[in-house]
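Both complexes shown next keep chain A, but they swap its partner, so chain B is in the first and chain C is in the second.
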Partner chain A sequence: MLDRRAFLRNSAMAAATLAASRLAGESARSTSPHLRVIDGVKWDKAPCRFCGTGCHVQVGVKDGKVVAVAGDQQAEVNKGLLCVKGYHVALALYGKDRLTTPLLKDGDQYKKISWERAIEIITARVLKAPKGFAIYGSGQWTIPEGYAAQKLSKGGIANNQIDPNARLCMASAVTGFLCTYGVDEPAGCYDDLDTCDVCVLWGNNPAEMHPVLFSRMMDRRSRGERVTLIDIGTRRTRTTQFADHYLEMTPHTDLAIANGVMHLLLKRGTYDKDFVERHCNFRADSEPQELLGKAIDFEAFRRGLDKYTPEYVSKVSGISTTNLELLADLFGRRDLKITSLWCMGMNQHTQGTAINSLVHGLHLLSGHFGTPGNAPTSLTGQPSACGTVREVGTLAHALPGGRVVTNPEHRQQVEELWNLPTGRINSTPGYHAVKMWESFSTPSEQGGDIHTIWVQATNPGQTLPNTHKLFYPSRKLQDKFLIVSDVYPTETTRHADLILPSAMWVEKNGMFGNSERRTQQWFKMVEPPGEARDDAWQLLAVARKLYDLGFEGARDKDGRFIFHMEVAGKEIQYWDFKRYYDHNVDEYLFEEYRKFTRLKHKDLAPYAEYVKTRGLRWPVVQQKDGSWRETRFRFSEFDDNYVRKGQGVDFYHSTTKDGRAQVWLRHDQPPPEAPDEQYPFWLCTGRVLEHWHSGTMTMRIPQLRSAMPQAYVEMNRVDARRLGLVNGQKVRVETRRGALDLPLWLNGRGDPPQGSLFVPFFDETLLINKLTLDAHDPFSKQPDYKKCSARVVVV
Partner chain B sequence: MVSSLVLRLAQDESGDRACEALSRDPRILLGGRKGTFLPVVTEVGSLREGQTLAEEISALHGVLGVDLVQAYWESTDA
Partner chain C sequence: MTESLPPPVPVQTARLAKIGLVCVAAATVGFFSVLRDRESAQGFSEGTEATGPEVSRALSYAGLRDRSDPDSIALHQLAFDRFLSALPASMAPVSRSPEDRDAALQQRASRRAFNGAPPVIPHVVDQQAEPNCLVCHQTGMVIDGKTAPAVSHPPFASCLQCHVVASAPSGLTASEFAGNSFSSVGFAHQGGRAWSGAPPVVPHSSWMRNECGSCHGVSGRLGIRTTHPSRQSCVQCHALSADLDQRELAAGAQVVGRGAP
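Right after this comes the complex of A and B.
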């Protein structure tokens, strides 16, 4: 008879052996029988709460508490493995200082109030002046939460004042996809990582930011496969340690590099003529600048690239002509499969749209597109930046399913599906994130027309750029009111007027959409602490209160509540929280949202299909036998149901309406701020392996906190020696916007070149975004957190 | 705390030596090697000890990578 400990050890070994077998390429059972043997533990699936990779975990619950997590052996994304954050994800639920009751600011203190009172306060802020009430959301919202917020803002309050934190992390990827293919999100998927011969990392550090995806490639090497990694970056990282080639570039010169490679492909005649002739048009920026630009011909494109000789690019970027030619050699070969990956390095960029479109263009020009292993793929930082923000459309200009508020047909479609009176949806886009917070921080009498912001599932006090300008000023303005729904105290809640405690992750039902178009679902498994409640419920309860108070926007054209739900002809009164889980409100919201997804061929399957799977990649198309089939390789005839027969590759949302993608000519421009005599360093900010975003969750996990307890500044050892600084010494980093004292880390995990600094942003006690720049891309409005000028002084 | 890990071992002698070193650690139970992948189970008294042990394993010469698979704990105290 096995004792309990032996029982646990045996089940743990079964899990490890199964994972090892799969990694070694052996066929292994895909079920997870070992999970069932742990005593009294009930298991269920959920996507990880943290990044945009979309790993699935098995969550073990006993006596109402999560007691175990396991990599989900059935999950195609992570194949049973987890990164250090995913391994500890459940502990994020159990920090000692969870918010458990609504709190209203009362002088310098906060007093506990009831949910009823909190909902009354919010509705009063809406009714005060609906035009000035804004919602600041998140790529961490679940899909139903985002959909509820979207409908409340666009269809109810009808002011379009909703924008997410995802504006800060992936907006340039969106505009890059839109201006290239006419529709958002990657054509390829993670399967490309299993088959590519070459992976080009454009300012990307997946070894720390997307470790499970990085492991997928490293595990191939362990099986004896050859994968060439090319790391194009501005500082050495953990990823660099595994790269075959490290191409260190001067910040903001990635456009010159991409143009230089295209120049060589044309000069050598090694571009893919057949692919280009069949599938591509050429475009350049128009005057005035518009996202879709103007058409140019191939010769104009070629001439436009004339200046990007290897010598010019080398001089501008600092990478050698040999390395530039290496890239051109690889992209010029048809026998290799090439995948490009990027994330914040290209997106947080004042030319983010341009560099995104150039990398797409490089793949199109070289024909490295549309077959397994050949894809330009952006990665997201948040678990549902794609599902909730990009697909549901929780952006100031967007409507669900790829629609926009400026398009009258789109507004009409949405009004019909929401049963709203004609003209309810406002045709003027709301404010993008930077503008929203700028307006909130501007006195009303000076034109700051946003009087209230309701923040959910994000921490703008720590993550907005240039917070001295965008966040703190509003806190001194009497008529500005900040509402924050969150799970822990943060820099944002500390400055809030009203704090609402939220349920998180498996304390509620949810759905996420990851970086590879995969929609995922999970069920509530444990109760949230105290009076914490679902974000979706909070939004729906406010909507219902507005309805009860006679607010016209809360009614559809027949006078019914805009979030009316019924079962067997009887209305569900889910706004009474005691009854919220009598029915699956998530399923209701999702099934309503699903109707919007066909216009742009982002078809989603019924909710029940997601219950059965570890996610499905859209478009998910129903087959003749009634089953639902996902699409791995979009725009490719062999896999995508919507490609016209005989086309091979078909860009069926082409902006030129001819099935072709757009290859862009876009020139490099100077950065908004560069090192000078006063501020001689480049300052770059970012994340670290152990912590996720602002650290609200991961800093509450003792293991992760002890592994990386505080922020630091990385500096090159030559610069440190020149300045007489030693490792661990406290120094002051100053920019034109602020100053911050940080310990110096030399020879640390990352290694910036001379003249560069790096500071992570996870530490709420060392707020680096007081120093960053709010300059942003003209199309995506995404700020550049990756480069501004700074100086270092001895404290 | 009981954890499942998969180690990616070097293909040369250093991988074998890492295996030998691990086999002498009473906190670690080794499974059957699958090519260069080694399943292991660790058992320690607290979450913090678990983290420390994972770091020690990662730092061993011959261990190229540590993938995490499963964790079971009875207390969320550090």
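Right after this comes the complex of A and C.
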């Protein structure tokens, strides 16, 4: 039963001390306004650790351990429901092989070292040659962690050599938003899923990858509502089983399909003339190619689409003219609300930026934009790809709050806010992820100038494409040094020179930003195992050590430490880990970061507001009565505070500075590699429901591991029969880059059409990324993991 | 409709269509139990005009999976009628011991990571099929001595989102791993009573457990089965816990900053 006195005491304390404890970590932690104590179990809120959906869970803690998890009924995202990963998220803390002590490579062995020694080694690598010290981060970094890394890299070491794993997962979505609206991230939100009449999935399998969002939409059918689901894909999945229409396309032909639908809308005159006249400009690729392209007029746009007749598109894409007309019929109707969803299918694409802009263009051209249920919405795979990577800007070219290093005004603003001497911030962008690892794997004397990479919260040894080229060569080069902060041994730590044990999830304070612009906060609830420590602390301790050693970059223009924090006029010495939680360092970092968010109207509320809620969607704008109000429908006058009165819809960061969005003309180009006589299959890689990314956490959860214990290759039955292969047989999948033996699973989780294969990437014992291609999008630099050519050999 | 299409599915279309969506395991059991029936005297009598959901021709295994074939549908209908009739009557007396309770709770615990975690699926499922779980799990039934419990929560659309199979699909094998030291708090035991004759309060969260009969009804495990299954309104006498159901939160924490409309 609830200890009622404890509950009342907590509630009273929460109310009384919340304001006072603004910077007090320990006291803020114990006074979470959501804390409940039932039968000796303390329950508090936290966002789930896994995907970008951003469900909230209730975390039950007893005797210093997490003992249970429940769906959070107060959470608007998931309304009390979770998926199988979310229900088992607590078990991710308790794999028996957690990393608990810093380890330094010593010949073939690793020896335990102290944290002091580890920090010294890292600072020595920085001081050796600051230019070549890179940080490889993550969409799993919390917002304060990413902000600390960002400031250390751009404002301290000042070489801009920081890029995240999110480059591999949503960079094309970013460039798609930028070239269309002039500002990143979706206009709509998950509320659209509650009201749309039609949902179009572009190479997306939310039934497995974003299950809670998928069921939020599909459960409407159980209530008697009608939702038409259209699945445009290259393989039948669990999502397909729910679809009203499955449109099977030849890989890489999505551009032709989007163009074909726009062609029909123009030809039939069923596009939204009023919306286009008031809110849209037209755009096409420039020579040389630049992200923002060049202006074209409506007639040029129309002529450019002439070739995309249903017959042509059908021939290219394999989709019937009937189905193309079905799409055109739906988009041509004003009485239907249409939401598009996509994730890796469109983003991991050598024309990722182009297809992203075309789907936005289709929604703009047809006026399916800006009202509830009408939205082109990209989903993210990581819990804070939006919050940490896209908003804090932990990318090689970016500064916090949507700024870029190449813009002198932006550099000046950031230098001012960070109190840095003028000119501290480097105007040359660092290397994007693929280039960073390529440089790391290239001998210094051949121009590989990255000598050290510090990896946090990600597993590039498993998730980079074409690891034979990008990852392993560096491990044979004497002067290259790999530092990895992680929670478990991974393919990356196995090849690291220095391994640092990290605290994870509710072992630390944190904040995430999900796919619908929602910023979320949680408090530390349990201690990390052994000597594991917060990633933010690791970064700050290195910064402090640099300061102590007299490194100029660790000082602001007044000579103070760049991460100087004070409470009541007194500097706090949080770099001593024993004192790290004397105060809430997260809150300090967040409040500093928050000042950057106004420029692009991504206003964040004070930390305390996020403590109170299950997240708020930016822009969060303060009202006359002092309260903070979130925005669900961005650019729409009825909801977005920043839209000019009378505009209806206003793209107030338009690249053409006229409040209009850009509808792009983009032509389809051949993929870098396609099936041929030698390698006759398409090879697609991806995830499965049970496992999240490289399986570091989920493969240590017995229930998930039992249900999906290893990687496999899916093939069509007809192909298997032709090759004389049977279910369960071990086969060798080969590409021009590598080979991998896998069991064949016919009629498995998905069903690829003839001539294509699918292999999931979660299994660290069967590394499919030794086979994938590192070719990438020209704008976003995001590689294409979804298609390359392969062959299958009997072993 | 052209002549080449199969004849339309008769009368009970809605129910039969649902019955047609059968999971492989149940289909196989069903097929054999009906086969046995047809060989017995009562099953099929020569010269009689087949009426109702009678089977008029043998089906191949492939035919069994054909969801539009009326014979396939009828075959499954027969099987399911048998399973449903195997459920104990709601007026049948229930006698149970503390050992039965322990056994039931132990079995329950064996299928969950912790109290509140979705149970794993103890049988094979079609990894690709649209969720047809409700064919068996909507009302609950007894198949070959094994109970398929009715779902305890409202029927959400995507069952496999939360429930995964307990053991890997054939052909996939798990390698060794270091293991996991997570340990949960104990499972709910008997709810407290105000005095010896008072109805016990509900000792677990009722969130997503609106169908008490799922565990406590006539097809529930004996140890936790109600002694009075004929009474349908459980929460009339057994009080729910606001604490366990997160209802304190609703009163205490407001959703702030909610935008229009």
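By definition in this document, the second predicted complex is superposed on the first by the 757 of 795 C-alpha atoms of A that agree within 3 Å, B and C clash if a C-alpha of one lies under 4 Å from a C-alpha of the other, contacts with A are read in each partner's own complex, and residues count from 1 in each chain.
Throughout what follows, a residue touches a chain if its C-beta (ideal position, glycine included) is under 8 Å from a C-beta of that chain, and two chains touch if they have at least 3 such contacts.
None of these values were measured; they are calculated from a predicted model.
S.K.: Pick one for A:T631: touches chain B only (first), chain C only (second), both, or neither.
M.R.: Touch status of A:T631: second partner only.
S.K.: With both structures placed on chain A, which of the two partners, chain B or chain C, ends up touching more residues of chain A?
M.R.: Here the partner covering more residues of chain A is C.
S.K.: In the overlaid three-chain picture, which partner chain does A:L291 touch, first (chain B) or second (chain C), both, or neither?
M.R.: neither
S.K.: Quick one: classify A:Y712 as touching chain B (first), chain C (second), both or neither.
M.R.: second
S.K.: First (chain B), second (chain C), both or neither: which does A:L723 touch?
M.R.: In the superposition, A:L723 contacts neither chain B nor chain C.
S.K.: Report for A:A129: first if it touches chain B alone, second if chain C alone, otherwise both or neither.
M.R.: A:A129: touches no partner chain.
S.K.: For chain A, give the residues common to its interface with chain B and its interface with chain C.
M.R.: Residues 38, 41, 60, 67-71, 80-84, 87-88, 91, 94, 215, 218-219, 222, 702-703, 706-707 of chain A touch both chain B and chain C.
S.K.: Flag every residue of chain A that touches chain B in the complex, lowest number first.
M.R.: 5, 8-9, 12-13, 15-17, 19-21, 23-26, 38, 41, 60, 67-71, 80-84, 86-88, 91, 94, 215, 218-219, 222-223, 702-703, 706-707
S.K.: Using the touch definition up top, name the residues of chain A that touch chain C in the complex.
M.R.: Interface residues on the chain A side: 1-2, 7, 11, 33-34, 36, 38-39, 41, 58, 60, 62, 65-74, 76, 80-84, 87-88, 90-91, 93-97, 207, 211-212, 214-215, 218-219, 221-222, 236, 238, 241-242, 605, 609, 612-614, 616-617, 620, 627-632, 638-639, 689-690, 699-710, 712, 727-728, 743-745, 747-751, 765.
S.K.: Under the definition above, what is the set of chain B residues touching chain A in their complex?
M.R.: By the definition above, chain B touches chain A via 2-6, 8, 29, 31-41, 43, 47-48, 50-51, 54-55, 64-65, 67-74, 76, 78.
S.K.: Which of the residues in chain C end up touching chain A in this complex?
M.R.: Touching chain A from chain C are residues 113-118, 120, 127-131, 154-158, 160-175, 177-185, 205, 207-208, 241, 243-244, 246, 248-250, 252-253, 255-261.
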